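Every chain is named by a letter (A, B and C) in the order it is written, and numbering of its residues begins at 1.
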Amino acid sequence: MSGVFVWIEQFKGEPALVSWQALGVGRKLADEIGEPLIALVFGQNVGELAQKAIHYGADEALVADDQTLAAFRVEPYAALVTKLIEERSPRFMLAGATTRGRDLMGTVAGQVGAGLLSDVIGLDVIDGNLQATRPIYAGKLLSKEVAEGDFQMATIRNRAFPTPDPDESRTGTITQVEPVMAEDEITVKVEGVEEAVGEVSLTDANIIVSGGRGVGGPEGFEPVRELAEVLGGAVGASRAAVDAGWIPYAHQVGQTGKVVSPDLYIAAGISGAIQHLAGMRTSKVIVAVNKDPEAPIFSVARYGIVNDLFKVLPALTKAFKEKLGR
Amino acid sequence: MDFSLSEEHLMVQRMVREFAQKEISPTIREYDRKHQMHPLALPRMAELGILGICIPVRYGGQGFDYLTLALVCEELERVDTSLRVIMSVHVGLNSLALLQWGTEEQKQRFLVPQAKGERYAAYALTEPGAGSDAAAIRTTARREGDVYVLNGEKMWISLANHAHNFLIIAVTDPDARPRYRGFSAFIVQREMKGVTTGDIKGKLGVRAGSTGWISLQDVEVPVENRLGEEGEGFYIAMSCLDNGRYTVAAGATGLIRACLEESVAYANERHTFGRPLADHQLIKQKIAQMSLWYDTARLLVWRAGWLKNQGIRNTRETSMAKWYATEMSVRAALEAVQIHGAYGYSDEYNVERYLRNSKGATIYEGTSEIQQLILAGYALGQRRDKPLRCELPAYDPESWRSEARADSG
Amino acid sequence: MHVVVFTKSTPDTAAKVEVDANGNVTWGDSPLVVNPWDEYAAEEALQLKEKQGANTTVIAVGPEMDNDALKHCVAMGIQEAVRVWDDALEGSDSLGQAKALAAAIKKMGDVDMIITGKEAVDVNSDAVILQAARFLGWPVLSFVAKIVEIDPATGAIKVERLVEEGRETVSAKLPAVVTVVKEINEPRYPSFIGIRKAAKLKIPVWSRAESGRARSEVEAGAAKTKVLEKFPPPPREGEVEIIPSDDVEEAARILAEKLIEEKVV
């Protein structure tokens, strides 16, 4: 047995987009080494997800459908992955570098003694080994690293790889597998999740509009929010704005916040401290709005407007409303 | 010779830097504009123990050496002069005088709460009619049984409106000749009847600092509040300045560093004629000069600090450090504004505040002219240090950190 | 309760990090600081000390430069510090370091919780702590934004974790590994009394032998990942196009059109 494992992450049955990106990368790796691509789908009532995994490129899906796996927990998930690795002896395993993906892969790597390349933004097979490019020092540098050993693992950064187009005509095998741990053996219990409603997650967002010191106060985020809303994007913030208490930490982009890579990043009133740039420099298109033409943010921007954000953002909101008919 | 800082020095430096950068720096501009003290300055410096940094642990302090005091002043003035001014008056001019001249009982009563930051302290020598000419003060202290009755007015007193304890120099013997031999020093408490204070507005700089006046009207001060002997007031006042000037000099190095760091950042960022400012030779020259001023000022301060640690008189060295560091901080601030161009002239950048803040230090605690007279006096052999009845104690880590109460003052 | 903070030194976040001609990472004269996320872990440990009377220790697996981080935590108020290191660990990967960490925790014997930041900013990874948890057989509570309660009698712990979808409330049993996010608290500064203690502290170094692991298990030769090269990210291509904004409405319209053309909207 052999193959490339990809863990398909889900929350209440909703797949994480990065899992499809991981399948896309897995497909490439599997083709290069001429081995099957196997999706691991765990949860409760996740049969449909297994089918989708095939559409996104898997040759086989190993499905574990059980109450104990309904919400993600490291213990039962890692135990099951470990058992499947022992049974199937895959060559590689991939997952998204999400909170859950990192927990799962780090734990499994410890369990089976595998090399783990985490949060990679580039991945290839060289001489049969995984070779990755991954950011270090919060993206200020890149590191090229190689894994060794019979079984190798990597987590991939959200949005660093394209999401493949699903092919609904694709067929594959769906194999049911049994969980390893019973509920009474699992020490961790999930008591509930308070979901952030109505907000687009920063790491998933295609578009992020961020505010910094220049917004001047909590109410200064209003025009930022309005523009984000009309664009269907998420609201980000610089550390200065978060430290000043104008907006919760969950919105912070940068070295000690979230690292994001949207298609469009609009930085309003953000000077572009090195810690902030580290968190957003891989965005596809960066727009900077700042009164100070010397602000370092302009050095990474594709477009810039040197003016007051309180004039520019409402004008942009209006322009997009007209052009997008929203 | 060893120019390196100890691990302890570096950790204190980093901690104070973090406090000033995180809690004061983001909002200081607002308070400077409003002519208001930063509301966190005094309470947080008290809470963190900064106000007792170089006072022995048994007197409520933190037990660090005199060099640490300089490092703290540098970090504070790196962010705003108003923070360092607190150190100059509370520690340099007042608490260290208590450590030097106070009886054990006075240390327990006044120094302990000051070092712990429970009570703030100020120093009052200057009067409307007596600045550089300190011997011209008019405030009187008349002995009446167990009390002295103080009358007069003090001016340009930092923390006048905030301090609880004032070290006041007053005339006890108006007939003494020379006049200064008739001065005595008193610890006056705000709650004493007849003490009123107020702020002075319209200052060029240090607008986030509190400067004011104290009026004394028939204030009855118990004899046990007299610091030192009757007639020692002038010597005490001058010894206070050896410590106060030291903190001013150390702070001024911080101000030079502020100008240097922000000019370097701006010169690297801003482009003119297709090149970063930093690539223009005339800008390089300014940066080179600022570096020289910073290092020289710092070395002079550190030497004075070393002398203090050894318990060696340092009036000359402190005076030199103060003259040089404060004058160069004005020049550094002028150059920093120049490098920043029109932006430097606006309060969108910090350097205009640095320029306004720098000037006062060439005036207070002995003008640059007074420092020059002192230095010339030493060089010409016209001035010699005479031993004082009480010298500032040399720094002794063991005794500074022991919790035990000293046997005697 | 015994709480162990796991940390390391990293360059200051404001540092300009570069690769020198020999391929080594440099950060100019910027100081080393405690890994920023770990400061929150140390603060949380101190709060457990204050609220629950926990004993606190800080540990690092690394070379002498990690003393900076250890001493910072001691200056904040952590009671004991230990550094695990010997030449066999030079060039080791996360697995080797995790083994050394797990062995040291076992040696301490009475540890109820290891607490650390959600990742180390230098290597951008949390692999060491996750793998160490596995070697110890302890559950991991990662990305914790709040410790809701700990019952020292039963060892029950309840936390709120920050996950992609929001906040998840999870309960588990100690001993456990906890990794924290910035939202959990506001770290205190080192105190002066702490600085006095930390500055004169001689941090004990536990060698591999003392932590009971064979050389072959942790040394570089056993590493399953290797760094080939570190390099700066490629500069972003092209110059910024400044859109004149004398007429802001017009500038906004032009920018909107350009962004729609680029298909990013």
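Here are a few things to note about the model shown:
Simple rule for what comes next: a contact is a pair of C-beta atoms (placed from the backbone, for glycine too) under 8 Å apart; a residue touches a chain by one contact, two chains touch by 3 or more.
A quick note: this is a predicted structure, and the numbers were derived from the prediction, not measured.
The chains in contact with subunit A as well as with subunit B are C. Here the chain at the heart of the shown protein, by mean C-alpha position, is C. Each of A-C and B-C has its own count of C-beta contacts, and the greater count is at A-C.
Ranking all chains by how far their C-alpha centres lie from the centre of subunit A, first place goes to B. The centroid of the Cα atoms in subunit A and the matching centroid in subunit B are 54 Å apart. Inter-chain spacing, taken between the CA centroids of subunit A and subunit C, is 20 Å. Subunit B and subunit C, compared by their mean Cα positions, are separated by 40 Å. Among the residues of subunit B, none is found touching two or more other chains.
Along subunit A, no residue makes contact with two or more other chains.
Within the complex formed with subunit B, the residues of subunit A that make contact are 240, 243-244, 292, 294, 296.
Across the interface of their complex, subunit A is touched by residues 10-11, 13-19, 25, 36-37, 93-95, 98, 121-127, 129-135, 139-143, 158, 161-173, 181-183, 223-233, 236, 238, 240-243, 245, 248-249, 251-253, 255-260, 262, 264-265 of subunit C.
Those residues of subunit C whose C-beta lies close enough to touch subunit B in the complex are 31, 71-72, 75, 189-193, 195-196, 198-200.
For subunit B in complex with subunit A, the touching residues are 22, 26, 266, 269-271, 348. Chain contact summary for the complex, subunit B toward subunit C: residues 6-8, 10-12, 14-15, 18-19, 48-49, 53, 62-64, 401.
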